[in-house]
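Shared between the two complexes below is chain A, which has chain B as its partner in the first and chain C in the second.
Right, the complex of A and B next:
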C-alpha cells in the first residue's frame, strides 16, 4: 500500500501549482467562466425573445435596449448570442467527454494488455488517424441525415484515434514503472491498480489534452453547423449565426457574423491558452 | 527503388479499394429508402420507381452494386446525381480546377507562414520564440469559416483590394485575385500546425549530436543551420504536408461557402445535405485517390532527400 501512495505522491502537487497560470491564463479562465455562466443562464439573461421575428427591424443597427441591433429577420442579435452560447458549448462538452472516455479506455487497454491487443488497437489507430474528421462528418450526415448528434458522433470517431495514440505512449511508460510491478507482486487486482494508481498519475496529461481538445471541438462543431450539417436553424447557435449573417455582411451589416465568430474564436483561444499553460506547469507537453 | 515504389503503389491501390468499399457499404446500410430522393419530385408511378431501381441497381446485393460502380468508374461513368439531375463527372469536372487552384495557393501560404514562423521560433529562444508561437496560437484559433469573413470585411469591403465573392472566370490571373483571400483563410490553422511541428522538429535537431559536433568543429553557424539543422528538420514536416493535403481539399467547403465559390468541397457538402449518394461516392473516390497520390509523392521525396531510407530498403 505504501508503495502506491508514494508513487501517487509524485504528481499530486499539480493542484497547488495552478497559481502559475499567469495573467493571460487567468484572463482565459475568466472569459470561459463568463461564457459558462451565459451558457447556463443565457435564456434568463436574454433581454428579448431570441426567436421573435419582426421584419420591420431587419438589419436595424444598435438602438437603446438592443445593443447589437437586429439580424436579417429582425430578431434581437444580443439575445440570440446569449442563448446561442448553450448550443455552442453543450456539443463540445459531450464531444470532449465521449472522446476522453473512449480514448483513455483504448490507450489503457493497449498499454495494460500489450501483445496482440496493443498491436491490433495501434494498427487501427494508425489507419484512422489519417482520415480527415470533416470528411467523416460529411459521410455520416449523408447516411444518417444532418443533426448535431450525428456531428458529435462523427467528431468523436475522428478525435479518438489521435488522443488514444498520445495517451498510449504515456500509459506504456507508466505501466513499465517499478511501482506498477510492485503493486502487481503485492497482489492488487488489475482494476485497483488502474483506477487508484495508473489513472490518477495520468490525470494531468488527460486533463490537459481534454482542455486543448475543447477548443478544437468548439471550432469544428461550429464549422459543421456553419455548413448546415450540425445544429439546424432556427436554433440560435454561434456557427449557424456566422452563416446566417453572411449575406448581411456583404450588404454592409457585419455584426451578426463577426459577433458570433468572435465568440467562437475567443472560446477556442481561451482553451488553447489554458491547455498550453497547464501542460507546461504539469510538465506534460 | 523500383520494388519500394511498387509496394507503395500496391498499398495505395488497396487503400482506394478498401475505402471506397467502406463508403459504399455505409451507404448501402443507410436507413431509409433513397428512392424518395431519386424521384426528386416526380410522380411516384410504379413504372418510374421500377425504372429508377433498375438504373441505380437498388435491388442488387452489395457486392454486385460495388462491382458495377467500379466498372463504370473505369469507363469514365460516375453515375447520375439525384440532387442536380446531372452527370456526376460533368458536375465534378467543372469544379475540380477551381478547388485545385484554391488548395495549391493555400499550400504556398501554409508553407511560407508555417515554415517561417516555425524556423524562427525553433532557432531563437525568448522574444522571437514567444512571439511566433503566440501568433501560431491565435491563427489556429481562427477557423476558416470565421477568418473568411474577417478577410472579406477588411480586404474586400473596406479596402477593396480583392473581389469579395466568386471564383473568377477561369483564367490564371483572375483565379489568383479571387483565390488569395480564401486561400489565406484556409491557411490559418494548417499554417499554425506546420509552424508548431517545424519548431519542435528544429529543437530536436539542434540538440542532436551531429549538430553539436558540427558546431564544435567550427563550421559557421549559418551553414550548420541550413545544412545540418533545417534540412533534417524538414523531413517530418514534409510527411505532415502529405497528411494535411486531403483535409485541406475537404476544408475548402468552408471557404467555398463563405466566398460563394463553386468547388469540390462545397459540392460535397451539398451532396451530403441532399443525401445524393452517387455524388458523395464520386467525390470520396477523388479524395482517396489524391490522398494516395500525394503520399506516394511524399514517399518518393523522402527517398530523394533521406539517404537512410535508401539504404534501409535496398
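Right, the complex of A and C next:
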C-alpha cells in the first residue's frame, strides 16, 4: 500500500464516521450553528432596542415589525431573544471550560500519582459529589451577591467532582498502559508524557463529556437566572426571560416564557444529541 | 568473571503485608543473559519494575556499572541518563504502543531523547525497523493495523532507540503464537550478535529461557529458590520447585537458528 492510498483510506474512514452523526446529529449541529451566529451578531440583527421600555405596549401580541410582540414592560420580545443569545451561551461556555479544566487536572493528577494523592483527591470528590449544587449557588449568592459569575462559580464547584470521578477511571486505564511505562523508562518527563500522550488519548472522552455537560449547563444556568441567582435584569437572557414571563403566563400571555424556554431547551437538546453521538462514534461511552 | 553490568543485592519489595520480592540477588555481566523464571505471582515483574525505576525497592541495592540505582531516578535528567543503560519490553502487545501514534512517529519520538538532528533521527528510525525485521511501510501505520508479533518488534525497536547496554524482556513473547515466539527469540539472538546487548529474560516458561539465557534464577513467592548456569540447573535441578517447572516443559522446543518465516 502506498502512502497515497493510506491517506485516502483514512479520509474515507473519517467521512464514514462523520456520517454516523445521523440526521438528528446534523440537525443539532445546524441549530447550534444558527444560535452561534445569533450570539455573535445578535445585537446587530435585533430590529429594536431590547431594553426600550414602553408600558403602552405591555403584553401586546405580534404586530408588523414585532413578530413576537412585547413583554410585560413593552420591550420587543424578538430583539430581546436575539440579544439574549450571547449571555445565554457565554455562561455555559465559561462554565464548561472551567469545569473541564479543573476536572481533568484533578483526574490526571490522581491517576498519575496514585497512592495517597489519589486517595485524598478521591475522598474529596466523594464528599463534594454529595453536596447539592443549588444549595451551593444560593449560599455563594448570599455571600457574594447574585451575578452570572457567582452562578458559574457555584455550578463549576457542583459539576467538577462528578466529571473528575468519571475522567479519573479513564485516566487510570490509560496510565496503566505499558506504553506509558515504556516512555518513562525511555527518559521522557511526566509532563511530556501527559501532554503528548495521555491527554490526546483522553481527548475524545473529555470532549464528549464537555459537550454533554454543555446541555446541562445551559439549563442549570437558565434555572439559576430564573431563580434570580444568575444573570441580573435588565440584561436580556433566556433564563431571566423565562422567569419574567412566568407572571404573564398566568395572565394568558405565554409567548415570552415559551420562546425563551424553547431556545434554552433546543440548545440543551442539541448539545446532548451531539455529545451522545460523538461518544458513540469514538466508542467512549 | 568481568565486573558486572548490573549487580542486584538483597532486593526486597513489600506491598502491605505481602513480601513480593524477598532478598533477591543476581549479577548480569556485560553482553550476558540471565533468565528469571517462576510461576505467576512469584515477583518477577516486580524485580523488573524496580530495576527500571517504575517501583521503589523496600530494601536492597542495585548497581549499574558501579552507579547506585537503588532508588528510582529523581528527575527526568536522571531518567534520560539511565535510559542509556537499561530498557524494558513488556508482555502485552496491545498496550505497548500509543494507539494514536504511527510506528514511525513512535520510533522517532524515542530517538529524539538522545538525538537532536532530525535527519539523523529519520535515518535511524528506518534502521531500527530493519534491525527488528519490519518492512519500511509499517512506519506509516498505526498500531491497530499490526499483528501482536509486529507490535512486539516495534516495542523492541523502541527500547533499542536509546542504544541500551541491557534489555529486560518481561514475558515479551508470552502472548504470541509459538512460531512467532521463535521468530522474536531468533531476532533477539541476532540483535545480541550485532550489538552486544545484555538480556534479562523474565518468563514462566523454562523452554524459552533454556536456549537463550547463560544463567538463571528460579523465583518462588518472592524468593530465589535456585540459581546457576542454565545447563547445569536444567540437568540437575536441586529444588523440588524447579523439578516441577522442568516437568512441565515438553522438551527442547525452540532452537536458535532454526528459522520459520
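Operating definition for what follows: the second predicted complex is superposed on the first by the 269 of 285 C-alpha atoms of A that agree within 3 Å, B and C clash if a C-alpha of one lies under 4 Å from a C-alpha of the other, contacts with A are read in each partner's own complex, and residues count from 1 in each chain.
One rule holds for everything that comes next: a residue touches a chain if its C-beta (ideal position, glycine included) is under 8 Å from a C-beta of that chain, and two chains touch if they have at least 3 such contacts.
The structure presented is a predicted model; accordingly, all values stated were derived computationally and were not measured.
On the shared subunit chain A, the superposed partners chain B and chain C are arranged side by side without overlap.
With both structures placed on the common chain, the touch criterion links A:78 to neither chain B nor chain C. Superposing both complexes on chain A places the Cα centres of chain B and chain C at an angle of 100° as seen from the Cα centre of chain A, in steps of 10. After overlaying the two complexes on the shared chain, residue contacts for A:142 are found with chain B alone; chain C is out of touch.
Within the superposed three-chain model, A:197 lies in touch with chain C and out of touch with chain B [touch as defined at top]. By the touch criterion stated above, A:252 is placed in contact with chain B alone, chain C being left untouched. Contacts of A:261 after superposition on the shared chain: chain B is touched, whereas chain C is not. When the two complexes are overlaid on their common chain A, residue A:227 makes contact with chain B while staying clear of chain C. In the superposition on chain A, contact is made by A:178 with chain C only, not with chain B.
Touch counts on chain A: comparing chain C and chain B, the chain ahead is B. Minimum Cα separation between chain B and chain C in the superposed model: 22 Å.
Within chain A, no residue touches chain B in one complex and chain C in the other. On the side of chain C, the complex with chain A involves touching residues 52-54, 76, 79-83, 86-92, 95-101, 109-110, 113, 137, 140-141, 155, 158-159, 161-162. On the chain B side of its complex with chain A, the touching residues are 23, 26-27, 29-31, 137-138, 140-146, 149-150, 152-153, 157, 164-165, 243, 246-247, 250-251, 253-254, 257-258, 268-269, 271-273, 275-277, 280, 284, 287, 291.
Listed in rising order, the residues of chain A touching chain C in the complex are 1, 3, 6, 176-179, 181-182, 184-190, 192, 196-197, 200-201. Those residues of chain A whose C-beta lies close enough to touch chain B in the complex are 130, 132, 134-135, 138-139, 141-146, 215, 219-220, 222-223, 226-229, 239, 242-243, 245-246, 249-250, 252, 254, 257-258, 261-262, 264-265, 268-269, 272-273, 276.
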